[in-house]
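Here come two complexes built around chain A, the first alongside chain B, the second alongside chain C.
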Partner chain A sequence: MKNFYALLHHEIRLQARQKTEWASLLLFFVIVIVLMPFALGPEPEILRRLAPGLIWLAALLMSLLSLDRLFVQDARDGTLDEMLISPLALETIVVAKILAQILVMIAVLVVMAFPAALLLGMEARVLPVLILTFALGVPVLALLGGIAGSVTVALHRNPALLTLLLIPFYIPVLIFAVSACDAAAVGGSAAQPLLFLTALIALILPPSPFIIAAALRHGQG
Partner chain B sequence: MLRVHNLSCRRGGRVIFRETGFATNSGGFALIMGANGSGKSSLLRVLAGLIAPAAGCVRWQDSDVAEDPAAHRARVHYIGHLDALKAGLTVREMLDYWRALHGAGQIKIEQSLAAFALTSMADRPIRRLSAGQKRRLSLTRLALVEAPLWLLDEPTSALDVTGQALLREVISGHRAKGGIVIAATHDDLNVPDAQVITMAGGGR
Partner chain C sequence: MNLFSRFAQPAHFIRLARWLIPILALGSVLAFAFGLYYALFASPPDYQQGEMVRIMYVHVPAAWIGMGLYSAMAVAAAVGLVTRHTLADIFCVATAPVGAVFVALCLVTGSLWGKPTWGAWWVWDARLTSVLIMFFLYCGVIALRHSFDDDERGGKASAILLLVGAVNIPIVKFSVDWWHTLHQPASLLRAKGVAIAPEMLRPLLMMGTAYALYAAWLIVLRMQTVLCARAIDCGREEA
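And then the complex of A and B:
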């Protein structure tokens, strides 16, 4: 457990040091949000109604762009060999890596949610639900991204392919997250879509460390 | 003692090397020689357990390493031709990561930094190091955690004369303690008693 925390600490520090990478992702997120009123027209009512969906779309595109960081970069700089040689279980290292990615991503999105909501005129009561959907949805995105990343490494393929592979699996997250926010916007209960998001985590979390570790090991062969 | 029997390696349907065999005793230094593409790096990766051999086996003290991969990982240091460094971290933070990755065991951060003359750069970001300094930092792993089997792929690349001397010193210290070093390199690291293993390649 001590090793796990040390690894997690390292991975979070590593993310925090990649300031230029995060800055360009944030810039991308902001640009998408700022351009929306120009694309959809300035009617406040339309923007207010579409706000959660637009924010989630920007978040999803941003997470797609950040995917190649997970394992592709480690394979490129030789860190992956060191991970594979480590006496620790590869699954432990993988979980630490993905958990760090999840935590940093949620933190970034929560901070960005406020200005984005303000810009699009989203109702204040939707904000807590939006943040909750980030907390539940981002782990699914990161785990799926980890699987796709490890498979890309194993097949020695271009990470661009990864995006194509992932989109279909990202759609349920998008649907449930946005319908939770829409339910909150009309004053209804967001419980059902939130439970679906939780179910997605429960479905993907247990097998993914093993799938990822197996793909990374196999990729050496 | 490391014993390699009839080892063959195949990647992507191509035979990289075949029927390679040798044995290295405790304290031994084996130098892998061969032309580019003759399978030196692949041999080291097979010995490290990173790739499974197509045939043959690697034995450590008379037991097949494939039977207990976790034990084998704990006894190996593998330094590939990539430095495995993260540009955003400082030298000391990188060592902290390796410490976490190698789990328990004897950890000697200050001595390791001193062994490769990096003490004065401990808090410098890795992106500000020169290629030779990066290589030295990468090699610091050898001194950081005890492991009896060192597998070095071109360890002297980018190293200057001083760096090579430091590496030689660390290697002879390791051999004096009974450790084994297997290295693929173009210059012979001035090891007079090196056992030379010549790779002939796949042959087709």
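And then the complex of A and C:
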């Protein structure tokens, strides 16, 4: 457990030091949001109704962009080989890496939710639900991304392939996250979709470290 | 040595395939001849949809086979990952494009059926969406395999993706029960018994048999081709 916390700490610090990469991802997120009124027209009513969906779409695209940083960099500079021969279980290392990614991504998205909500004129009462859906949805995105990233780690960068592999699995997260926000927007209870998001975490969390570790071992073998 | 592992040897399989291919070919041609006759001529039109109901005989079996092949591939992927048997991997290579085409056929015929009966080519119904996702999964499996130069690595990566994607199978099957949407619920495999007129059930089952035999024919033929291609590759490397 001590090793795990040390790893987690190390990974978070690594993520936090990649300031330019996160800055460009943030900029990407904002630009996608800013483009929406041009694509859909500036009517505040339409934008207000669509705001949660648009923000989640931007978050999804952003997470797709940040994915290949999870294992590709490690494979390139040899860290992955170190991970494979380390006395620690590969599963533990994988969980630490992905947890760090999740924490940093949630932090970034929570910060960005405020300006995005402002730009699209989203109602204030939806904001807490939106943040809650980020907290519940991002772990699923990151774990699925980890699986796809580990399966494709031996390949050269091919963002289109990663997108093709991931989008089908991202759809349920998008559905439940947006329906939670929509329920909150009309003043209803968002409990059911939020519970579904939690169920998705419960479904994907137990097997994914083993899947990712197995894929990494096969990829290097 | 039991029967399964006996025929799972590539050499035995080739011998078996030589027998199977003409039998399956003949069987599927005969089944299509009977099935199409009953589906197009010897079955009654629906009292609401009229002749339109005949689209069912090409649409429903395509959905069965598309879904069944994905399930079979998921099982083969699991067997292949555990036992590292080549034939399981070759089954997945051979089946993926066949299954993808059947799912595409299901989507296209469904769309053609939807326009006159529902008034729209496409609706975002749970069943339609989950089948579309299955089509993307097939595409992902094929694309992932072909992005590797090494057959073995590509096979393992796509086997993992196949297993993860198997989550979608129950969603496709039960989407019509979980969400009350436009697509009609199951009328064949359901708890309260078959809910379809016998004179429509007969051509439907015949067409299902024809599709299954045709898919089996294609798959065995493709498996034989892949085995031969790999043997040639091995020979080249040695030479």
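Throughout what follows, the second predicted complex is superposed on the first by the 214 of 221 C-alpha atoms of A that agree within 3 Å, B and C clash if a C-alpha of one lies under 4 Å from a C-alpha of the other, contacts with A are read in each partner's own complex, and residues count from 1 in each chain.
Just so we're on the same page, a contact is a pair of C-beta atoms (placed from the backbone, for glycine too) under 8 Å apart; a residue touches a chain by one contact, two chains touch by 3 or more.
Owing to the predicted nature of the structure, the values given are computational and were not obtained by experimental measurement.
In this superposed model built on chain A, chain B and chain C occupy separate space and fit side by side. In the superposition on chain A, A:Ser189 makes contact with neither chain B nor chain C.
Touching more residues of chain A than its counterpart among chain B and chain C is B. Once chain A of one complex is fitted onto chain A of the other, the partner contacts of A:Ile147 are limited to chain C, with no touch recorded for chain B. In the superposition on chain A, contact of A:Pro168 is made with chain C only, not with chain B. When both complexes are overlaid on chain A, the residue A:Leu155 reaches chain C alone and has no touch with chain B. Once chain A of one complex is fitted onto chain A of the other, the partner contacts of A:Thr198 are absent, as it touches neither chain B nor chain C. Of the two partner chains, chain C is the only one touched by A:Ala215; chain B is not.
After overlaying the two complexes on the shared chain, residue contacts for A:Ile85 are found with chain B alone; chain C is out of touch. For the superposed model, the angle subtended at the Cα centre of chain A by chain B and chain C works out to 90 degrees in steps of 10. Shortest separation of chain B and chain C in the overlay equals 5 Å (C-alpha atoms, whole Å).
Chain A uses no single residue to touch chain B in one structure and chain C in the other. Residues 11, 45, 48-52, 70, 73-74, 76-78, 80-86, 88-89, 93, 96-103, 141 of chain B are the ones that touch chain A when the two sit in their complex. Chain A makes touch with chain C in their complex at residues 147, 151-152, 154-155, 158, 161, 164-165, 167-169, 171, 203, 211, 214-215, 218-219.
Against chain B, in their complex, chain A makes its touches with residues 3, 6-7, 9-10, 13-14, 17-18, 76-79, 81-88, 93, 220-221. Across the complex, chain C meets chain A through its residues 129, 133, 136-137, 139-140, 143-144, 147-148, 153, 156-157, 160-161, 164-165, 167-168.
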